[in-house]
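Beneath this line is the structure, given in structure tokens, with notes to follow.
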Amino acid sequence: MEASHLEKCLNLVPQSYISQGQQFRASRSNLVRILLEKQKLPEESWNDELIEFLLSELAQLDSNNALGNCGAGEREGRVYSGLVARRNYRLVHGVGRSGDVTAVQPKAVGSSILNQLCTKLTLDFIRIVGARNAKSCIIVPMATGMTLLLCFLALRKRRRGAKFIIWPRIDQKSCFKSMMSSGFEPIIIENQSDGDELRTNVTEIMESIKRVGAENVVCIHSTTSCFAPRVPDRLEIATICKTHNIPHIVNNAYGLQSSKCMHLLQQAARVGRVDAFVQSCDKNFMVPVGGAVVASFHDDGFLSEVAGSYAGRGSAAPTIDLTITLLDMGVAGVKMLLRQRKENYEYLRDEMRKIAEKQNERLLETPHNPISMAMTLSSIPGRDSDITKLGSMLFTRRITGARVVVRSTEKSIEGHVFTGYGSHSNHYPHCYITVAAAIGMKRSECDVIVKCIDKCMTSLKKISPHKGSLSCNNDE
Amino acid sequence: MEASHLEKCLNLVPQSYISQGQQFRASRSNLVRILLEKQKLPEESWNDELIEFLLSELAQLDSNNALGNCGAGEREGRVYSGLVARRNYRLVHGVGRSGDVTAVQPKAVGSSILNQLCTKLTLDFIRIVGARNAKSCIIVPMATGMTLLLCFLALRKRRRGAKFIIWPRIDQKSCFKSMMSSGFEPIIIENQSDGDELRTNVTEIMESIKRVGAENVVCIHSTTSCFAPRVPDRLEIATICKTHNIPHIVNNAYGLQSSKCMHLLQQAARVGRVDAFVQSCDKNFMVPVGGAVVASFHDDGFLSEVAGSYAGRGSAAPTIDLTITLLDMGVAGVKMLLRQRKENYEYLRDEMRKIAEKQNERLLETPHNPISMAMTLSSIPGRDSDITKLGSMLFTRRITGARVVVRSTEKSIEGHVFTGYGSHSNHYPHCYITVAAAIGMKRSECDVIVKCIDKCMTSLKKISPHKGSLSCNNDE
Amino acid sequence: MEASHLEKCLNLVPQSYISQGQQFRASRSNLVRILLEKQKLPEESWNDELIEFLLSELAQLDSNNALGNCGAGEREGRVYSGLVARRNYRLVHGVGRSGDVTAVQPKAVGSSILNQLCTKLTLDFIRIVGARNAKSCIIVPMATGMTLLLCFLALRKRRRGAKFIIWPRIDQKSCFKSMMSSGFEPIIIENQSDGDELRTNVTEIMESIKRVGAENVVCIHSTTSCFAPRVPDRLEIATICKTHNIPHIVNNAYGLQSSKCMHLLQQAARVGRVDAFVQSCDKNFMVPVGGAVVASFHDDGFLSEVAGSYAGRGSAAPTIDLTITLLDMGVAGVKMLLRQRKENYEYLRDEMRKIAEKQNERLLETPHNPISMAMTLSSIPGRDSDITKLGSMLFTRRITGARVVVRSTEKSIEGHVFTGYGSHSNHYPHCYITVAAAIGMKRSECDVIVKCIDKCMTSLKKISPHKGSLSCNNDE
Amino acid sequence: MEASHLEKCLNLVPQSYISQGQQFRASRSNLVRILLEKQKLPEESWNDELIEFLLSELAQLDSNNALGNCGAGEREGRVYSGLVARRNYRLVHGVGRSGDVTAVQPKAVGSSILNQLCTKLTLDFIRIVGARNAKSCIIVPMATGMTLLLCFLALRKRRRGAKFIIWPRIDQKSCFKSMMSSGFEPIIIENQSDGDELRTNVTEIMESIKRVGAENVVCIHSTTSCFAPRVPDRLEIATICKTHNIPHIVNNAYGLQSSKCMHLLQQAARVGRVDAFVQSCDKNFMVPVGGAVVASFHDDGFLSEVAGSYAGRGSAAPTIDLTITLLDMGVAGVKMLLRQRKENYEYLRDEMRKIAEKQNERLLETPHNPISMAMTLSSIPGRDSDITKLGSMLFTRRITGARVVVRSTEKSIEGHVFTGYGSHSNHYPHCYITVAAAIGMKRSECDVIVKCIDKCMTSLKKISPHKGSLSCNNDE
């Protein structure tokens, strides 16, 4: 409400009270001003009503919310259900325009500002968590896998004729699908054992390049965040890319929550080449599934090409959820979340080690993986199917997300057969269970998880093998 | 609340009252039962609280909302902001699994049911509006253009080696981009004039097939809903596809709102071949931008392949918005909306004709286009830039979506240069303005639009040409 | 958002778009300005987001929502639950101050403005519906009965020593209770039959005054809105009050919805004396139960004395609900509701007449009652208990609010025994059923009610008398 | 959703998933069952969606929400505005019936259950915080002052002819008004100094009783929670009441937050007589202003008489807010809040002592007051008006609720002139400032308050006296 409006209330309440109220308003207004001016995360968390105030103000700039607006086209932002209008803050025109998912829409000025602003806040977040030299980012209203696909499609124009994507194996389906759907051919690089860790086989990458020719490689597609015992890919990939002039796309799916992953990226860009790194919104920002962020250390136009490869407007839902969340966090919240995650990781690792010892198992030594950890499962008698029962037991006890991996699994995806699927390796020597310390996890969850794994293992060792439990082990 | 719970309140209110209350509950409960049993649109509109009850009940089946749930993975449906949780009804796991956007998630049973149910309701909608033989559909959490792209990518596996998409020209950017991003090469078929109408040049399509070989054609990509004076593509395309064994993907972007478009599709499938038809959620269902529906007259697995080409989980936002809206509409609402749209079309056409006459213009005769209409702009003096001013004038007067098309426009998209861009033709003989009678439009909007066009034209004819107005004419 | 803030977004969207958005905002802002300036009902309905915008802006003026506010007292507007804060729009300080329920609170400037504004809008409403000369009103966060009590308590100071309230009988419990709780002694004036109608016995009022002495009468407490066959009290009461210098408090519980009731009041004030008229919020404004409005044709300070008799702050809930509703209605909505109610009354009356004839009953002729009507129940065989069964039958068939009145009922309230309770008369000659055409009723409800009464009567006449049904007849 | 409904989804998701979901539902359902069965505060906090589920389920039992309901009366729970319906959870029939604010409504079974349940939970709360022998309570939808008035009005029937209320002075306006509005005559008992404390003058009470005769005393109206240096009234009052057979009504306005106040009450009931104790909802439960709780250690029917004195239905808003809040707190939350408040009291007292010393003032020794404390203001030069400036300074610095009390104030309320108004005494020897440690206060608030008082005092001592500041000192 403008100051001048309040003055109309002088016959209702005394002037001095109105002045006091105006001061209250001014404080709030000031926060909005600073946000729009700096376009960075606020230091402190915004409260809910201020966040909703901003969204509501932006919605007012969209034509569908304008008083007296008449629609003569086929896409006029009409909303049938009041529930739908309300839950979307009446921001219904989506983001982007026909040919560019980051473009500004004349019909939807508020939605456009929101999207741009969200991008700036997200970039600030990315810098705060460790990629200090990140220069730009875009928010894509699709899953991480689809967003990787979009990057590959965008590269097609830059790499006419190239058709191979070099990919250090990671057993995550959508990751592989993103390459298959793009029409390019993945060159799968098997991981190398290094102690318990599975690490990038740099030699094989070099040989592959030599074999097919650098100019025929669309890009190298590496990974930071992954399940132990695999660890983030080696820095050398970036150097190879630089040397051979090959684009480098990094799947940093849930790496924003780990300063280690971010520093690795930052360093990779410094010493080598990183064209873009892609991350999931839900896994890093604790929002519902639906969006991804593509970021870059350069302003070289590649992100525009990615955005320009998205045909049509996109959902504003990821932008809305992300903006709300970032304002709700503030810099203080971000730092606290990262610190807590790191502490939880250490706590969970120590507690897992204890039960490993108790259960005659071993926590695999994977110091390069800052988020996930794995414990061997060699003491459970019986066949693989008996071991995988552990996964179901945990699931029915409301422990979700733990993965039990056995050696024997073969899986065919789009015609490629993976041996030892789930373990990122043809012949990893152990069966194991992985658990992760992810952002937003509570200390009490660590305790319950550890206790429950311990209990289930003990009871698994006692009972005789059986069948038919809920199959939910491989959580993809 | 279960009946047994209410019985606990016997010390608070008399038994007879509780029985009465239970009857009230039973009526509501019955509606839910019927919905889940029939999996069809309810006859009558559901009220908001019943809709929210259903969503809330489904959310309770997702693991992230389960009491005592502990997350040991990297994607556990944690939500930071209460606002975000609330606006998403705590349905945060998205839809699909890594490799299939329609797959069921063990962690998210409620979200999965919701998605499946929404698909069934949408299929029912499609049948009600005219495609009675439609057999299946999927909801894709991406724009129409991206969803077309997904269809093309899915076809790659079926059409190894093929690289051309035959495409009767329609000047809609994301439509063209969908082909360019897929990596295939579009063969652009110029439209034929037929009176004022621009119609499919069937001969040229035949010749193109002959030229490149049917086996090298990925698909024919035809269009139903479009701006006048272009009209829906001819039925013969379906026959050609059948004869030459070429897939046929139809861009039915906003065709669900027109029984004519739907009957055309229905007939095409009967006499020829239609592999899939794609429509926008926002344009047909009056929901926010973000989703599309791919439907088919067959159960031949093609939709599964499309779903399986989506790498990763997708946003549940389109599903949530669509489900709410469909329940809010009910069959009665759907029929009313379609009837009103048709009546508005006729009314708008008649009114436009009147001002055309008054302004010495002509409403183009495009009887095959059931949604959009165009009026010549030959009486405005000056150059094209003076004519396009009409668009800006309307926009600043809050008439959105009207398009002013002049002959001279050239536009380059991804290297292809289109002459007469916007008019779907290299040499359409008139400048014109288009308006559409879209679903959800109000009668009063028709009146304002017509009056405003009349007024703006009159004043344009008076004033001398000038520059610098808001450029918002081509609404893509 | 202030205009200056939007300018900060110039690096995000073009200036011309921002200007467009600003225009949209200005239209909305203008509506707020007009409301605060005129302090009258808007002509047209406000949409939900504008209403919530206003509430949210006002809430920002309350100290509990001010950034950096620190509470050093015992009542600081702290709210524990986010749900509670949200549903109350963070307006938590209530209305009024310790000694005056209309006073302005320094800690709660926004709540205070809201309350004052709501009063102005309500006064405008009262004038629009017919009391054109109404001068002031206050909103009291209590039921109508309690508010009548407050008026009586306030009169004590003006009428030292007086102890009688003259009250033409109306069989409504809280009405009678309001007098009993005040400590005054009601003088009950039995109604006179006039054809089917029960009307004020003016002679008996005159005699009562003579008997106890005018100076000993606290006030005459008359009634407008009531159930047929009782009709609004006669105008003469106002004249008597004027002549004898006796205060006159009118129970106009649901009379705001009837222009007849309002014109009666308006005329009473013109020819005689009306100190205050009291009406229920829920019954007239379609809001939840909880508030009442006291209005006056004068600015003589009586309403201030009433407000000053409320000890403590009051709930802001009635104010919030009323403000939202009045803005949602607008003048146009108010007029439509009144017109529809009048039409429904006539329709319901005609339909009831038809079934009366069919059932060998008679619709009582009560032309002075503009809202309620009654039909005799003489054709149902058996005892009174068999007739009252009709009420239960209707209730279990979801017809609520119909009252079946039999002659035999005796009821003791606070020591007074009423004969023929429910019929407003010791010896009304008929058993009957009443139905009302109240504000917000739908035409379809009239149909269902009439049909259901018809059906139930028919079946009652067939079946043999029995017992044990849900007792819900007298809806007080 | 009933289990049987979910089974309908077997064609959408596998049986094993549905079973899992059912288990999730069962956990939640179990919490509801326990609540309704035990009718006590849950041990742990309920989450928002469970609370809203309960409210929504109860709303479904009210006739206005029943499908197919038809209203034939004048009060049918129709709601015009969707916003209003939503914010009230569609619970619109209020609480109580015409003659009893706690009675069950046949039309509103859900609202009735809610109200009864809320009463049970509140009673449980009262016991938990210290009044272990409390037997019953009622929730009254009015301010504390009005609720005291209601108690006095209810006593009239028990104490025919009595007309005096004996009242140890407390300078709180609505407290005094409650007696004045009731029509009874207060006998004001001046407080006695005891060190810095102001305490009950028992002798004068005894003399008053002797003077007017015990049978002419309606009740003694004592106070627990109050501003220092006044302290809770002496236990002896209860003994006197018992001895002389005089009712005893205790104003325990914000005493629920202090175990000391509650134990005092508990003891008073044990050794003497307490008919009812009245407390504010907002001050104790951190809900918006609007309700009060009357509690009793007996089941002697007095609370029913109080409830029966409320004429008409009441707002359900206090019940809704209170129920939400109590479920949100749980026993764990209640205990934490009380502990924190106590710790804050001690911390604030110690910090205030420090600045008192620094400023050459003294924190008054008032050990019997467990919530409020006072510091002398003798070092500020100038007249009283200069001292009161401190209040305004604090207010404009967003410290609300601190009271500056000077000796000279005279105030007339309803004809009674109070000397030294605000200080509860005709001749308290000091000017002072009071601050309170109330429930929900944060530690950081204590710090800011203390720092700000210190700073303001320092600057007041420097600047020369001036005028015209915001008058907000006495916060009533």
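Here the chain labels run A, B, C and D in written order, and each chain numbers its own residues starting at 1.
Criterion: contacts are C-beta pairs under 8 Å (C-beta built on N, C-alpha and C of every residue); 3 or more make two chains touch, one makes a residue touch a chain.
Predicted model, so just to flag it, every value in this text is computed and none were measured.
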item	value
Comparison of A-B and A-C (more C-beta pairs in contact)	A-B
Farthest chain (mean CA position) relative to subunit B	D
For subunit A paired with subunit B, centre-to-centre distance based on mean C-alpha positions, whole Å	29
Distance between chain centroids, defined by C-alpha means - subunit A, subunit D (Å)	48
Computed distance of Cα centres, subunit C from subunit A, in Å	56
Multi-chain contact sites of subunit A, meaning residues that touch two or more partners	17, 20, 23, 48, 52, 63, 66, 68, 82, 106, 395, 470-471
Complex interface listing, subunit D residues touching subunit C	48, 51-52, 63, 66, 68-84, 87-89, 91-95, 97-99, 106-107, 141-146, 148-150, 153, 156-157, 172-175, 177-178, 181-183, 225, 253-254, 280, 282-283, 285-291, 308-318, 320-321, 324-325, 328-329, 333, 337, 371-372, 394-395, 398-403, 413-414, 435-436, 438-441, 445, 448-449, 452, 470-472, 475-476
Touching residues on subunit C, where the partner in the complex is subunit A	1-2, 4-6, 8-9, 11-14, 17-18, 20-25, 27-29, 31-33, 36-37, 39, 48-49, 52-54, 56-63, 65-68, 82, 86, 90, 104, 106, 109-110, 112-113, 116-117, 120
Sites on subunit C touched by subunit B in the complex	16-17, 20, 23, 82, 395-396, 470-471
